[in-house]
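Before anything else, here is the set of structures, which you'll find just below.
In the two complexes below, chain A is the common chain; its partner is chain B in one and chain C in the other.
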Partner chain A sequence: MITIDAKNTRFDSLNETIRNSNDDVEIVNCLGQRFIGAGLSNKSLTIKGTPGNALGAYLNGANIEIYGNVQDAVGDTMNDGEIIVHGSIGDAAGYAMRGGKIFVKGNAGYRAGIHMKAYKEKIPVLVIGGTTGSFLGEYQAGGIIIVLGIDSKKNIVGNFPCTGMHGGKMLLRSTCDKISFPKNVNTRAATKEDLDEVITYIKEFCKCFGYNESEILNEKWTLVSPDSNNPYKQMYVQN
Partner chain B sequence: MYKEGEVRIPSGCAISAVISRYGNKMTGEKIIESMIPMHDRSNGLGGGFAAYGIYPDHKDEYALHIFFNDKYRIEECERILKDNFEITKAEIIPTRKIPEITDEPIIMRYFVLPFASLLKSLQLDEKEFVVRVVMKINTEVNGAYVFSSGKNMGAFKAGGFPEDVGKYYKLDEYEGYAWTAHGRYPTNTPGWWGGAHPFGLLDYTIVHNGDISSYDANRRFIEMFGYKCTLQTDTEVITYIADYLVRRQGLSFEETASVIAAPFWKTIKNKPEKEREKLKYLRMVFPSLLITGPFSIILGFNGGLMALNDRLKLRSMVVGEKDDKVFIASEEAAIRTMDINAENIYSPMGGEPVIIKVKEGKY
Partner chain C sequence: MSIDYIYSEFEVVRNQNRCTNCRACEKQCANGVHYFDNDKKIMLADESKCVNCQRCVSFCPTHALKIVKSDCSFRENANWSEQTIKEIYKQANSGGVLLSSMGNPNKLPVYFDRILINASQVTNPSIDPLREPMETKVFLGKKPSSIKRDENGEIINNLTPQLELSIPVMFAAMSYGSVSYNTHKSLAMAASKLGILYNTGEGGLHEDFYVYGDNTIVQVASGRFGVHEKYLEAGKAIEIKMGQGAKPGIGGHLPGTKIVGDVSRTRMIPEGSDAISPAPHHDIYSIEDLRQLVYSLKEATKYKKPIIVKVATVHNIAAIASGIARSGADIIAIDGFRGGTGAAPTRIRDNVGIPVELALAAVDKRLRAEGIRNNISLIVGGSIRSAADVVKAIALGADACYIGTAALLALGCHLCRACQIGKCNWGIATQNPELVKRLDPELGSKRLINLMTAWKHEIKEFMGSMGINSIEALRGNRLMLRGIGLNQKELDILGISHAGE
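And then the complex of A and B:
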């Protein structure tokens, strides 16, 4: 593994060094450099600091682990690989993500999982340990979003979740009593079978961040899925 | 060159701020540095800073910062100034000549006090009087533009990247208890010195990332109250809205936020009764001041800052703190540049104002 001190380094030269390395890469003193690991397929990156926007955009199989917070648009249109964040993430995480997994210990900003999609075996997964901002899963077309709300006193998601959602599913570790969902989705208490379908992702999350799996599972969960009878009714356009 | 209305430039921006809750002074060095990791959010067509508490020797006078296209405009403008103000000091704002900043206008600073006799005969309070003179110069003197007009504060802006603009104006030599900064990526109007942020009127300044879609509705309303939108840029109208609501209508900053980033009716419906009635009232009285479209703004004023996102939160904004300081920026990296150990980093919700005031008596 090579170590790069990113202090005072521009994003383009940093990314070029990463691309040209035949080895795994550790970045220290990372501060705001954007597009890190864009399109990367065959490496592991470890980042210490605060990477810039669009971390792991178009990621194509590489693994990225970040010790710090992550800014906006992490995993934009990512295709494959894993992003593990030991902190919180900004807005629009996993934008149009089409494969791979993102695990976040902390909270997510607005529009997490916006327009995630899936096709056959390509099923993207986004797991948030804390809570999320408004518009979670906006226009979600596929894939799985899991929100755990660990140690949180706030609502597990902000306002207007699932606006325009028409595919995929969401599992929220809460009864969601105080949350109003739009008419284009159905919500119900999740069963053991529902949780069994995503258990591998919950296990992986617990392994990443050192949580006890049975404590995480042992809560009331809500399953959200699109109402296929009314697929496109949404807040911006009534049709 | 083409100015507003003659050209439309399609296209982002960077904002950053720091304030000491105890009024401790900081030089401009850190706020300039904070713009470096966000360099690529700007395109070199405008950068600027607002600094509060920088003129303690003239703290009771209005500090007018004025751009002049050429020296002939100075005479014309000074005639208006002398008719209305006692000028205690007039000087060229000191700058560093650097290759990154070119095409500079003449940049002057005047410390002024309105004539008491004029205030009396016009029956105007001091601030309203100053606003009227600023509007007069900006609309009637072609080639002169007042870009800062508050007490014990100042805006500094230019064409260029913000970190170069800071260096150009020697902001490392000023000391203030609060700073805001902006890097511009002009979206609709050409980048020229007057169009750079912050926009200021009296001590209210705005730095803004976004592109509001309600500009014309807002402009038509605010121009009924004597404000003149000379630059066709959305940030200018936000500045006037802030002045109108806070100074003229006497709204609190929280209430001002509830007007310009009013919650959806659906959200209001679910609020407790007292809050619901108030939000309803504000939306119904000031419907034309609702600002729609993406924005994150930082409003500076004497003694504090307010940060606000549009209600849909279509632009990013992060807040952090360390000891007496509070930081606000488009990106966490900017905050960590100012203090690597900044704590309690969070993103406010859309429409949720973050208001930080300096302890009374400390500024």
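And then the complex of A and C:
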């Protein structure tokens, strides 16, 4: 593993160093450099500090672990790999993500998991330990979003979640009494079978951040799924 | 009958003296118009299903068929056109948003047809392109503002990646899904033989076509379908689609019925699920956000690919283009309101956006005024119909043109404007395997090559007649243009004089 001190380093030269390294990379004193790990595969990055926007965009198999908070657009259009954040993340996380996993110990900002998609065995997973802002999972077309709301007094998700959702599913560790969902989704209390289907991701989350799995599971959960894969079918008339 | 019954728009006229009951028309029509009547022993037609694609007419071996516009019409009314009345019936019956395809067909000004091109007479002699070399090659991308030299006086290559085109025409974005595998294959093969580029559109790139990568623009749109690192690496350039001329400001919905087999795999969404491209990119709310997407793509592809940002021509297009030129993008593509589409709400298609000629002139003028024209290249599309349109567009300030509809016409499209139904009898806008195989990619690519070769000759003729031997010398050369029948405001926006001035 090589260690890079990112202090006073521009994003382009930092990213070039990462790309050209044949070894795993540790970045210390990271402060706002954007696009770290864009399109990266077959490498592990450890980041200490606060990386900038679009961390792990188009990530293609690399693993990134961040000891700190992360800014906006983490894992944009991510294809494969893992991003583990020991902190909170900004807005628009996992936009159009199509594979791989993102684990966040803290909270997520607005517009997390928009238009995540899936194809056969390729299923992206976004797990948020805390709460998320508004517009979670808009246009969700596939994949799994899990929000745990650990130690949170707030609503587990903000306003207007799941608008235009037409695939995938969402598991929220809350009864979601105070959250209003749109007409295009079905919500119900999650069963043990529902949780069993995602148990590997919850286990992995607990392992990353040292939580007790049974304590996490032992809570009321809500399952959200779309009521149609073809939400606009009835909207048009041929002209 | 009911209130909603509308007599068929078209009538099938069959010359029974010529018809041999060979049933070729029946086989050719995916809409099920033609059928054999066993009692009468003749071919009949259910005209209500006809879209006037002319497939049966073309394939009738005895030329027994023609399709004509029905003369059964409502009482004439200059305000309430027949089309408008029919649309109201359709909506009153269904409650649906009207869905159409291809470009705006309405009688709105086509400025290209109101612009005339200059030629040399006596002075500045014209050039014969058949005997003198004429350069139609163009390079798209940022041009450096200064020459830098090293300590030995050698020029440092500070040129960012460029696209080299043998002629300033490329095939516009049409997604795999909206058009067929064989359409993409025809475009890809033709582009690679011609030394130009085609554009994947937003549906990803089928694995069979990675071999044409050097002649491919890969598109990234709001739905990010089929976008991954290998896809970004595959193309020669990456286009961020912010908007489309046929439907500015709205997204796209490819119906689940078209998401089958390879389309599903290429887009990376399950079979039968709608492919929804949201209206905006939900991570782009500003030029700064656009800059972020531009640079994340550059970082992911190691700064080896020029980034194109495609927008629809809307009212403030000049200011928008100025922002894009400052976003780090290498090329802007502007798509006019007559641009085609595989499906768009009729009202949006016919009422939103502005003509590309005015937009192009405004953008070029603005970028020049701000001293940033060389920071960025300019592609125009929607709709470029001929070599004359190409020449006029370049003289108005474009570096290159996109053609979509013209390319499809070369492949056999008859502009019946029923792409959204998915039963294209010409094998273009369909995913039905039986229909797709009607388009032979070898023949299709040959016809595209023919079209582009013909345009290249015509472009050279225009250039020669103007006494210009390099297409780059024509770019923004508005002195070569004159308006005819345009008012002063229009002339001012186009930056040209009236004929006779």
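List of remarks:
The rule is short, and it goes like this: the second predicted complex is superposed on the first by the 229 of 239 C-alpha atoms of A that agree within 3 Å, B and C clash if a C-alpha of one lies under 4 Å from a C-alpha of the other, contacts with A are read in each partner's own complex, and residues count from 1 in each chain.
We adopt the following convention: contacts are C-beta pairs under 8 Å (C-beta built on N, C-alpha and C of every residue); 3 or more make two chains touch, one makes a residue touch a chain.
For clarity, every value in this text was computed on a predicted model and none was experimentally measured.
In the overlay built on the shared chain, the residue A:A189 is in contact with neither chain B nor chain C. Look at A:N53: by the touch rule set out above, it reaches both chain B and chain C. Between chain B and chain C, C contacts the larger number of chain A residues.
In the superposition on chain A, contact of A:N229 is made with chain C only, not with chain B.
Contacts of A:N69 after superposition on the shared chain: chain B is touched, whereas chain C is not. By the touch criterion stated above, A:I199 is placed in contact with neither chain B nor chain C.
Once the two complexes are laid over each other on the shared chain, residue contacts for A:R34 go to chain B and to chain C alike.
Of the two partner chains placed around the shared chain by superposition, chain B is the only one that A:G133 touches, whereas chain C remains out of contact. On chain A, the patch touched by chain B and the patch touched by chain C overlap at residues 11, 34, 53, 72.
The residues of chain B lying in touch with chain A in their complex are 37-38, 40, 267, 270, 312-313, 316, 318, 331-334, 336-337, 345, 347, 349-350.
Partner chain A is touched in their complex by these residues of chain C: 87, 90-91, 93-100, 220, 222-225, 227-230, 232, 253, 255-256, 264-265, 268-270, 272-274, 276, 278, 282-283, 292, 295-296, 299-302, 345-346, 418, 420-421. Partner chain B is touched in their complex by these residues of chain A: 11, 31-34, 49-50, 52-53, 69, 71-72, 88, 90-91, 109-110, 133-135, 158-159, 180. On the chain A side of its complex with chain C, the touching residues are 11-12, 15, 19, 34-35, 38-39, 41, 53-54, 57-58, 60, 72-73, 76-77, 79, 92, 95-96, 98, 111, 114-115, 117-120, 122, 138-139, 141-142, 164, 166-167, 229-239.
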